[in-house]
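A single structure is presented below for examination.
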Amino acid sequence: ADLRTLADYEKRAEMHMTPDVWRHVQEGAGRGITLAENRAAFDRIGFLPRAMADLDGDTGIELLGRHHAAPILLAPLAYQRLVHAEGELACARAATALDTGMIVSTLSSIPLEDIAAAAHALARDLGKKPAPLWFQLYLQPDREHSLQLVRRAEDAGYEAIVLTVDAALKPAGITLPPGVDAVNLAGMPRPRQTSVPGGKILLGTPLAQSAPGWEDLAWLRGVTRLPILVKGLLLGDDAARAVDEGADALIISNHGGRVLDGLPSPVELIQNVAESTAGRIPLLLDGGVRMGTDVVKAIALGASAVLIGRPQMHALAVAGLPGMAHMIHLMRTELEAAMAQLGCPTCALLGPDRLVALSR
Amino acid sequence: ADLRTLADYEKRAEMHMTPDVWRHVQEGAGRGITLAENRAAFDRIGFLPRAMADLDGDTGIELLGRHHAAPILLAPLAYQRLVHAEGELACARAATALDTGMIVSTLSSIPLEDIAAAAHALARDLGKKPAPLWFQLYLQPDREHSLQLVRRAEDAGYEAIVLTVDAALKPAGITLPPGVDAVNLAGMPRPRQTSVPGGKILLGTPLAQSAPGWEDLAWLRGVTRLPILVKGLLLGDDAARAVDEGADALIISNHGGRVLDGLPSPVELIQNVAESTAGRIPLLLDGGVRMGTDVVKAIALGASAVLIGRPQMHALAVAGLPGMAHMIHLMRTELEAAMAQLGCPTCALLGPDRLVALSR
Amino acid sequence: ADLRTLADYEKRAEMHMTPDVWRHVQEGAGRGITLAENRAAFDRIGFLPRAMADLDGDTGIELLGRHHAAPILLAPLAYQRLVHAEGELACARAATALDTGMIVSTLSSIPLEDIAAAAHALARDLGKKPAPLWFQLYLQPDREHSLQLVRRAEDAGYEAIVLTVDAALKPAGITLPPGVDAVNLAGMPRPRQTSVPGGKILLGTPLAQSAPGWEDLAWLRGVTRLPILVKGLLLGDDAARAVDEGADALIISNHGGRVLDGLPSPVELIQNVAESTAGRIPLLLDGGVRMGTDVVKAIALGASAVLIGRPQMHALAVAGLPGMAHMIHLMRTELEAAMAQLGCPTCALLGPDRLVALSR
Amino acid sequence: ADLRTLADYEKRAEMHMTPDVWRHVQEGAGRGITLAENRAAFDRIGFLPRAMADLDGDTGIELLGRHHAAPILLAPLAYQRLVHAEGELACARAATALDTGMIVSTLSSIPLEDIAAAAHALARDLGKKPAPLWFQLYLQPDREHSLQLVRRAEDAGYEAIVLTVDAALKPAGITLPPGVDAVNLAGMPRPRQTSVPGGKILLGTPLAQSAPGWEDLAWLRGVTRLPILVKGLLLGDDAARAVDEGADALIISNHGGRVLDGLPSPVELIQNVAESTAGRIPLLLDGGVRMGTDVVKAIALGASAVLIGRPQMHALAVAGLPGMAHMIHLMRTELEAAMAQLGCPTCALLGPDRLVALSR
């Protein structure tokens, strides 16, 4: 069978991963309600097309002072070497080749410096401007260590810091095989949940205390001049506060349904967040984006761009760098087709007036 | 098992097609949401019957100056020889035998002149008036070629031009086997999507520019005196504009769910279109019509007639001309039974007051 | 496995019937939407119980001047010998033994006189009053024949005439095996759908003209003094008219989903009918009644009693007379349990205030 | 496969029970609509999290004058020796070890005195205060016997009486194997449903008369000074009356969907009950609680605590005492994680403002 869609890659990917890794990549928290909802929310949205429209345009957008060829970025994913030996290097090169922004995880399995170097080298070879490269930060128990990570990202040429705030207490979920590790954190202590029988379990333990708070965002704002994105907010109140605390953009996300089961889908909530933040900063979202039409829906509801998570692991597992490049290309082709069939040849033309709830 | 319904033909058809052709015929765009919705929208509509009504009447209607024995026509389908050697000829003859209108596709696999000749010859043999025959036009990149198609259709005795506006950018979706081709377009260049790596994909390419626009409808209106139907509109605004630009009738359609996944069903939208066009022209619809009760629902919501798409391919594949004739007969028999059981023996008696949303 | 519910009988029944008979008994029209809806409508209704209520009471009701031990009757079913050699005789005897009313079909496979005689004989043997026995009338093309049927029913001691108005145009749906026939109609011509190629199909044919109209009800009212029930109405308008024309009770029914697919469920519509008829006559309903809780729901919504259709065929096929008796007993036991658990020990205490829509 | 959730225990449990016991434990009344609804109602509720909240707190609550480490208790379950030889003893010891309240059934398969003794002995051994132990009372046909049960419970150190009012007429549903019995009722007559053919079935029989009424609650209030909880109410009216009659707390319950199919879920109804009782007494609920997030939802809607039913049988069957202890620990760990991820580190912070209906 051909690989014509991201769904084809997903189907094919299972046989390229160990059962443990497959489960780890795919799984949702609890009964998987949020995981399913991330897809279902897109599927409930229908289109109201403009017939016979002029189709002159392109998918380009401006974001945090940079041009993006399409409103699509690669979400931060820990340990990409779980599914392919080249891991984050393959991703970074494919992203460069297709002019697509990439967000590198604190938990990358290749040192953050090497990933940036690979991307920049390829851009030089291809004679093009490097694609935007951002660093995703998980706060460390010791602030000094968090600061080290930020400085290393700055030095390596990352263009923004993405502070993830929704997953501090998520258990690892997989035993890392030999050769795969959180190399960026070498030498730093790793927080773990340990409970004394009859004693405290999580609330009121040091682990809970190490979860990010508003004061951490203020601290981060104070130590770097890079743009800061906060990833993992869902509601208008929190979003407005993040803007007040100095965030430059937000990534509306429920962490791909991996943390708290029962969270609604970002695409369901984004209009609400957009109202609360009133255009003060760009909003991105992720969770369940699998087709060009999903991108159109997110943009039409107020997102500036979307992130793609698990499909990276699928494409990487199936075919490494070329798989990643192909997957990105498929998304962009589908996006253009959807915009054309909708009669909206630029992102700016996409608005809620082009959407309708499907009666299902 | 007997062939007692169109569903029986569909089930049986799979083993009469190659897997590729079966997939091509059946498939919907994306995740098939629109494809499923086309059926589900009919299934959500319930009936409010009149008991013990007088049942004197018939299913006949007048459309664009012509009598139709029932409000059912054959939708244009490309390449009918994919499923049966006699292809469009078998359809045209079955349509003639059962007094049913047929719309011949630009992409027919038999020359449009031969199809019309076969229909007219059979009508003569049977000593009856030919059934209405319309020509479906896909605009060609070169207007001269589009004009040639229109002139050929006029000369061959087609009684209307159906301009399809929703599928210009749809990829072919199948590699044509030997002996099956777009014979009407012999000698004309075929537009194809070609993308330079790193270059434009679709938006802003010549392919996108060749998609039909309002000026094309105006042009068509200027070059032919045949009635013009626009096929592939879904919304009231566009419908009203099409009427203003000279369309004589509209076919509300999402192309059988084959183009943009997420489009609502025509049967869901037709009342809205009817309001916008306020009875100025007849409205037809297609997508998911599979039973007599579906026809009743469409008519009750404001359609003048419906088109049947895929079931043609199923019947043709299973049993050629007799299959087609049987399929049309089943639809008409079911339609009469449904009208009788509803207590409405003429199409004019069918209105929204006889329908109710089922709580499912 | 035990036979503890009507669902158990249904599961078991399949292996006691030929595939053709099984399909004939079970099938719904079209896609089976109404058939499924008949069950789903019950399943959507929830209960609001009264805790710690007094449970003194019983399930008895008065109907057309007669006492019924429970608000449950046997619906008319054609050809019960299709599933058991004793056919209607077994039913009539079981009904007598359990003091349950039975409606004998025009299309019974045992002469209507013999059925009544069997019931009366058993009542005598058991030293009890016979259970109510009604005759279901399908109008015959020739009024004289209809009148003969009515007279025979009167003479045989039937206590009411049930005029079925919703199935005149329903095709037979099964080829009767040897030994099973419409014995009551011996010597009468049977209407059949015959269509000339190219000619009329149903509307405007003699078959359509023979369907029951309001004038037929008036005629029937004129020729018999037995109470008349009209079976097969669904809407308030028609119900009110039937009362005006002299009906003594109505059976709200969509013929078990066997006629027009898309009809709503009787249980969904009965409140509306009750409003239109304003208590002038009793309303019964059938379609999908399978459990004691279903009876409770129907009564709470305004029905005086319910009819049970297909479960008769299941019980009869599995175990003949004892099966029928057991099936009726199960329904009555479940009904008492449901009323007790709801805290409503009489039918009069059941009202819509004890129901709630389940959010599903 | 690991045992990481209560669902894992449930899956595993089937092979540790005989088919009869498995069916008995799992089954719901009727078509299982209420059983399914008990889960579905939780699944329909979504979360509105507070980001970056302070996570200092714990899950403790006060209930009827006692501290509970978490708002989770063990529901009364008859005959726990059906699934494990140690039965209620294992439960009582696990509950003690994990500081979790337990409600012992009238129908326990170990004498109520022995269960209490085992719990108290282990608490002494572990040097801790015993966890709360309540006695669930099924009224006996003879009031003297009910009084004996209450006195024995008081004497054995039970701290509250739970009067179950919704299951008096539920048939046993299983034939007890040798060695499993209602040992507390030794020497007392057991009420049974016995119906004379043609006679009364349930309504108006002695069995129906023995069902608990409001006068029984008044009587119980008069004979004991222990707190009384009424278990098995669902609606505000009845709840308010129970408070008036002297109940100290209520357990909103549909008996795990085992009695009347069609009852709504407690979690769906609790806000309504809370309004009717206006905070006069604590409300507990049970039915379908299987995850930490379910506890959060129940508390946020107004419950003071929840009861866990079937999972006890699953854990007990799979691994006896350690299984029970592990199951309780999993629930508590999940509860803490859910509260943390929601940003609400104490039960008091959980309110309806943190919930949202999921659009499914």
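A few remarks follow.
Letters are used for the chains, namely A, B, C and D, taken in the order the chains are written, and counting of residues starts over at 1 for each.
In the analysis below, a contact is a pair of C-beta atoms (placed from the backbone, for glycine too) under 8 Å apart; a residue touches a chain by one contact, two chains touch by 3 or more.
No experiment lies behind these values; they were computed from the predicted model shown.
Shared contact partners of chain A and chain D are absent; no chain touches both. Graph distance from chain A to chain C, where chains that touch are one step apart, equals 2.
At the interface between chain A and chain B, under half of the residue numbers appear on both sides, which makes the contact a different-residue one.
Comparing the centres of all chains, each the average of its CA atoms, the largest separation from chain C belongs to A. Inter-chain centre distance (chain B to chain D, centres taken as mean C-alpha positions): 60 Å.
Chain C and chain D have CA centres that are 43 Å apart. In chain D, no residue reaches two or more other chains under the touch definition. Shown are all chain pairs that touch, namely A-B, A-D, B-C, C-D. By the touch criterion given at the top, residues 7, 43, 45-59, 99, 128, 291, 293, 297, 332-333, 336-342, 345, 356, 358-360 of chain A touch chain B in their complex. By the touch rule above, chain B contacts chain A in their complex via residues 30-31, 33, 37, 40-41, 44, 165-166, 169, 195, 198, 200-204, 208-209, 211-214, 216-217, 232-235, 238, 242, 259-264, 268.
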